[in-house]
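What follows is a pair of complexes built around subunit A, which joins subunit B in one and subunit C in the other.
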Partner chain A sequence: MIRVELWQLLRRPRTWITIAALNALPAVVAVLLALTDLGPRPGTGPPFLSAVLTDGTLFPLAALGLVLPLFLPVAVAVVGGDAVAGESQGGTLRYLLVRPVPRARLLVAKLVSVVAFVVLATLAVAVVGYVLGLLLLGDAPVTGTVSVSGSTLTPEQMYVRTAMTFVYVVLCMLGVAAIALFFSTLTESSVGAALGTIGLLIASTVLLGLDAAEPLEPYLMTRHWLAFVDLFRDPIRWGDVVDGTLTQLAYLVVFAGAAWANFATKDVAR
Partner chain B sequence: MSEEPLVRTQALTKLYRGGVRAVDDVALEVRRGDVYGFLGANGSGKTTTIRMLLGLVRPTSGEVHLLGQPVPRAVDRVLTRVGALVEGPGGYAHLSGRANLQVLDAAGGGSLRRAARRRRTDEVLEHVGLDPGDRRPVRTYSLGMRQRLGLAAALFRRPELLVLDEPTNGLDPQGITEIRELLLALNREGTTVLLSSHLLAEVEQMSTRVGVLADGRLVLQDDLAELHAPTGRVRLRTPDPDRAVALLAGRVEHRDGDVLLVRSPDAAALNAELVGAGIPVAELGPERRSLEQVVLAATGAAREAS
Partner chain C sequence: MVPAARWLLVLAVAVGLVGAPVLVRAWPVEPSDASPVEVAEAVRASAGTGWSGEVRSQGSVEIPQSDATLDGVARLLGESSTLRVWWRSPEEYRVDRVRPSGETDLVRAGDVTLRWRYEGNRVTFTPVSTLRLPDDPDVVPLALARRMLAGADDDELTRLPDDRVAGRPAAGLRLAPADPRSTIDRVDLWADHASGLPLRVEVYADDEAAPALASEVTDLDLRRPTARETALDLGDGLEYGRGVGLGGPGRAGGITPPERLAGLPRREESRESGLGVYGRGPTALAALPLRDSVARGLRDQLRQVRATRDTGSRLAVAFGPLSVVLARIGDRAYLLVGTVTLPTVDRAADELEEAA
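== the complex of A and B ==
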């Protein structure tokens, strides 16, 4: 079932259209920066965007920073929300279940396929970002890349930290994926499931900006998303990255569990 | 001791929110080799019952045994030997019919190897009257073609038991005949068939056994031969009904012009008696009820009782 799900993911045009759309924003930003040379002042704007004008190799990180707060989670919510509800809508869920595909295996396959989509989409943004940076914004300074703390990072350090960033961004999306999957087992409408997930994301972002919600802050899903910037301090500041990872794993466990609790005995009436 | 039935439910009940009893105390029994016609008006609970048989819907109470195994507990084990078409076909709209069958086969346990799967796909598509070479996506299929594809999926793994919910929905008369022939051929080869329908004539033509659901209750379940058996009355048409009534005093149960219904176990003896008395006989034969009459009577009786 997992193999079939992955194959279906790759074969579906929607997957590739979503990934293309995801790369549109970083591409536009890269072109604008290259044409105007007007970056945000250091310390303002999206992470790394002020640095890419002098160092194009940082653009994958800037691209991830651009899509992480909104576009990537929306894409994950859409794909995750469709996972079970889409089968239900198309009338294929009941045929999979009587095939028979055990419900646990079906749900695991769906989760794996959503995670595969997250990896694929994140990788695409990073690779396209790298190519764009190289083509439009130019090479790293010969002196090496300057870290957020001002010191210089060797190319090896940069590779390792970029890889860590990639892993962290994927981790950040696991919570979203699990929530979308949970909503997807609740409803027969994939749009409804996606919108429910996006609603939670927006609520989380709004609460982050509210002083009165401070006690909730450590538990909010979006709280630590941009902490990957800390990976480029010298030395690396782990606190928020570790907290963020733990938060995402907690969301994953809770919502994947809830999805199973609901789906295991759900009446499939469509 | 007789063999365990392939489908057996006991006191099967499903309550939906708001207290609607969609299925109420149903005891189905489908034996090996049956073509079981499961009749009922739309909304009588047929589909919910079938979904419970297949483990898609959990019963509120009661038991389901499919091929001798409890459902839903053992459903994933037992469904490998069952093919099903549930309330209309479903498919991945962007894939062809072929690809749909192959995805479905690959998704479950015990799937075929690639070459064998391709062969079986060709075979089963041809079986249900679809062109194995057709690469168009299912999105472009007519309802009848989708129905055939659903049947192909149900037949794919040569199941012992076919559970078909309204299998001829959306088919034209020619298609209905084809599918009927196909199912009867499979039945002759040993496949047990449970098919639901709201069309009496369809069930009457195919089934060996009939169950009738009305408002969620099983109001009738019997072999078709039993239902068609003589009622113990003889239908007599004569040009001289008055003399016949006089001769058969007390045995005439009903008179409608020149047609009499006479209580008599033996039509031949009655004929001899009439002819012996010099009463002309235009038509004479044992009364048999049509399935429609039986079903209406059973449904009506159940309505009055409730």
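== the complex of A and C ==
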């Protein structure tokens, strides 16, 4: 069943259109930076964007920083929201459930399919960012890449830390995927499920900026998303990265559990 | 499993995940029976304790920013900061101010401080001086608590209930300055039971319910950091510069600082450096001669503040508990700043004029 879901994901044009759209913003930014040579003032703008003019190898990180706060979670919300509600809306869910397969397994297959999309989309942004950075913004300085703490990172250290960033960004999207899947079991409207997920993301972002909501901060889904910058400090600052990972896993467990609790005995009309 | 049982299971997991950290924080602390004076002594004795960890500070004093002299103070006392700390001794430490997309690292190695700023790709060396404005290391609870308790009388101290800070039991202590010239109402601090290391400090201005400045260790490792950990491993291709201090040549600006200013006694440690730092604990006042370039920037900054009293030769304003007077005395600009009332700072400026 998982193989079927993955195959469906890969052969849908919508998957590739969404991934292409995700890469559009970093591509436009790379072209503009290359043409104008005008980066954001140091300390402003998305992480690493001010440094890419002198070191194009940092552009995959800047590209992830560009799409992570909004575009990537919206894409995951759309794909996750469609997972069950899309079948229901299209009238195919009933036929899926006729097969002698437990509902929980179907749900796991749907979740794996959404996670596969997250991996694919994140990998595409990183790879396209790397290629654009090399082609348009140039190589790393001969003295090496300067970490956020001023030390020099060797190419090997950069590869390892960029790989850790990739894994972390994927982890950050697991919570979004689980919430979208849960909403997808609640409604027959894919759009409704996606909007519900995006609404929660916006609420989390708004609360993060509010001093009065400080006690809630450790529990907010978006609180640690940009903590991947800490992987490029020296020594690495693990605290927020670990907290961010645990927070996402907690969201995954609770909302995937809620999706299972709701879907296991849900009446399916279509 | 019936639907209700499934939902109950999910609810139990959610409550467990949300409640576990709250439960750990709220776990009661076995109270320490140390007297207020003993807690204060333990804090003073912890000066040489080596440790590393993270500190979160939150200031609520509003000082306008304009890329001028008081900007560092404005950031320190008016914003929240996250600091990574490696502390070997008061003369050897590294404090990194962490920002979402960058950081500023400050290393003190004996008589020199080195500052690295990621966004500027620049390293600055500055000789350590008593003549300086507060900086990131000054809000680390250890440094802040020692400064507040310096010269505190025993009858100004009372115990507060113990609390758990950074996962460790900590003894509470309150310092309520008896001097009516102080703009600080009270200082509450919590020190680690085992080491006496201050873990949380809250400084309250007069008539304020929220602290003007709060600083708390959020992550603590009591292992003494190695010298390598407190050093910066800087790569090639960076810009290097030399920092400019506040004061000009002659440090005290040609005036021998009086033994008392506005009735406040001169501090011993300032006597060695020839500077004027007065008072005790949170009732403190400093009189600093400024370089002309520094004084010009500060004058422009203060004139932008509506509440500033401008008499031509003197600018005076209070930012919360911080009173500031910039005065021209003889041919030199002086900054008088402290956590005492504005009339007290004014009186100090008058006396300094007479001394000149």
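FYI, the second predicted complex is superposed on the first by the 270 of 270 C-alpha atoms of A that agree within 3 Å, B and C clash if a C-alpha of one lies under 4 Å from a C-alpha of the other, contacts with A are read in each partner's own complex, and residues count from 1 in each chain.
Rule of thumb we're sticking to: a contact is a pair of C-beta atoms (placed from the backbone, for glycine too) under 8 Å apart; a residue touches a chain by one contact, two chains touch by 3 or more.
This is a predicted model, so every value here is computed, not measured.
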Subunit B versus subunit C as contact partner of A:Val254, first or second or both or neither: second
Partner chain in contact with A:Thr265 - subunit B first, subunit C second, else both or neither: both
Most subunit A residues touched (candidates subunit B, subunit C): C
Touched partner set for A:Arg3, first subunit B, second subunit C, both or neither: first
Partner chain in contact with A:Pro46 - subunit B first, subunit C second, else both or neither: second
Residues of subunit A that lie at the interface with subunit B and also at the interface with subunit C: 265
Residue numbers on subunit B that touch subunit A, as the complex places them: 51, 54-58, 75-76, 79-80, 82, 84, 86-94, 103-104, 106-109, 150, 153
Parts of subunit A lying in touch with subunit B, wherever the complex brings them together: 1, 3-4, 8, 12-13, 90-102, 265, 267-269
In the complex, subunit C residues that touch subunit A: 1, 3, 6-7, 9-10, 13-14, 17-18, 21, 54, 84, 96, 98-103, 105, 116, 118-121, 123, 219, 229, 232-238
Contacting residues of subunit A [partner subunit C, same complex]: 42-43, 45-48, 50, 141, 143-144, 146-152, 218-219, 226, 229-230, 233-235, 237, 239, 250, 253-254, 257-258, 260-261, 264-265
